[in-house]
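For clarity, chains are labelled A, B and C in written order, and residue numbers in each chain start from 1.
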């Protein structure tokens, strides 16, 4: 599936990131092509979240190059907001705006950033709420929804900006077990529609069914990256083997 | 109690003065509070240090003393300046109403600065990340995401500041503003019924503070509307 | 007009007697007021309305009126009644010092009661359940679990309340007491140098407030030994 000829839509070259003394990313190299689905896994503190936060510059990397859709992310970049509006992001803690109703959560960014008219924004919002199967919750406040519903709203909110790329930062880690599948189902649907996706997750069933590329990170480094079949059947690194045995053993 | 009736007019006017001081003082206090909070959060050391000195000093020195410094201080400064222009002038002062409101607003402003700063920092950083990840600018993020959530966090503290402001208005009688405590003093000197007169003052204040508390409750309810599960 | 530093140096020692009075007011009112607050909060959290209601009314009235008005009511107001003047209490009630102590104490009682209630409510339900499961009685739970945790939770607010009382003691100067502010106002009337005199007084208050905060910080550290790694 990997198209090697076209230029990648996301490109990380020798990226380092420090938090004070602590090095969160060490020489990270990654290429993601349009339509590709990448699943990133690894123990907590391994730099997975930091890496995807760097891709829309919620964190600034210290060394190396990050190029997204042909635009290099660095300090001379004038309009980072324009780049961010092309990248949707879904957070572990949902981060819905608690003071806004579900529908207003969805309409806010299209109206402010894309300058879409109110009626039009509402239409877009309802379309995506239907896509995540909860149009009936439009007039509720986030707190009145279950965790699974909130996360689906968060996905719809990102989709309302019609992004090129979607980043998922452990989208099911804060959910009760019975709600995980409703979120994963939405993500699988999205993958089938051809969205470019980077997902940080430990849901290995999801990874097997949608991933084009598996990436394993540990201590800030990409230890191993391979297509899922190879990755699960014969992991090369000892660290990957250990991690997989821990995560798949129960 | 009949004796109060004769003084009702004066008490009502005094009560109006109290409300005026409260409104003027509260408006100024919000301004000092916002400026103070912005300075405290500033990355420029001069601003944050100045703001810390301001909030530390004005929260540790007695309100009465601050009032006296501002009233007599401004009077002596103005008089000195006036004497330069016209040596015959004996005494000039800022009207006690304004000197008093200003002094009290600075005190409440020092507390408000802490409240506003806490509310600013109290908004979940994830909220800001989410807004920025959607491509919203820093300005949009502030006005549409941070500010509406700050308001809820600042309300309980701000309510207390309103109550303090209301009660501090009583101090202004010390520098001769003709509000209700002043009225009570005059009325006492004629009627010889200090308990009755001061009781009237206490009741008027209790009515004011009760109304403020009720308003705060309504505001908190509206602000927390979205946090109530079905 | 000029700023006279020498006057500051001169006037601070003159305030020494005032500092004594201020500290007496502060310490006495804190002790009496805290005792009052403990009784009040026990009544306030009681499920018996006959106990909780009076406590609520007491807190409401004293938190809802300016302390200056309360002081005037006690010092000037009570003398209106012949019965008060004839009573045994008149010895205290005609003395501005004791009137101030009464006014400050009842205020501290009302405010601190609310602070303590906040502390008690802040105690984690789970810890109380654990204690119940271990077979501790209701009063044992209150003494051994609720009280120490509540004190720790209430300490920062208690520190603020004490600084706030320090500031309130300045009001005693309005009923002829010569506390720090009272002395400053007297010197000010003689010299008419408001900046120098009042700023000296302000500095003295700043120092006392600073000591209070150090004291509270030490107490906090003591009460949170279990949190230190």
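Simple rule for what comes next: a residue touches a chain if its C-beta (ideal position, glycine included) is under 8 Å from a C-beta of that chain, and two chains touch if they have at least 3 such contacts.
The model shown is predicted, which means the values in this text are computed figures rather than measured ones.
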Subject >> Shortest walk length in steps over touching chains, subunit A through to subunit B >> reply: 1
Subject >> Most central chain, Cα average position >> reply: B
Subject >> Whole-Å separation of chain centres (CA-atom averages), subunit A against subunit B >> reply: 47
Original post:
Between subunit A and subunit C, what is the separation of their C-alpha centroids in Å?
Top reply: 55
Subject >> Euclidean distance of C-alpha centroids - subunit B vs subunit C, Å >> reply: 21
Original post:
In the complex formed with subunit C, which residues of subunit B make contact?
Top reply: 56-57, 59-66, 68-69, 72-73, 75-77, 80, 163, 167-171, 173-174, 181, 184, 188, 192-196, 198-199, 201-202, 205-206, 209-210, 213
Original post:
Which positions of subunit A touch subunit B when the two form their complex?
Top reply: 53, 56, 58, 81-89, 91, 93, 95-101, 108-109, 112-113, 140-144, 154, 157-158, 161
Original post:
Which residues of subunit C touch subunit B in their complex?
Top reply: 1, 61, 63-70, 72-73, 76-81, 163, 166-171, 173-174, 181, 184-185, 188, 192-195, 198-199, 201-202, 205-206, 209-210
Original post:
Which bits of subunit B are touching subunit A when the two form their complex?
Top reply: 124, 126-127, 129-137, 140, 144-145, 148-149, 152, 225-230
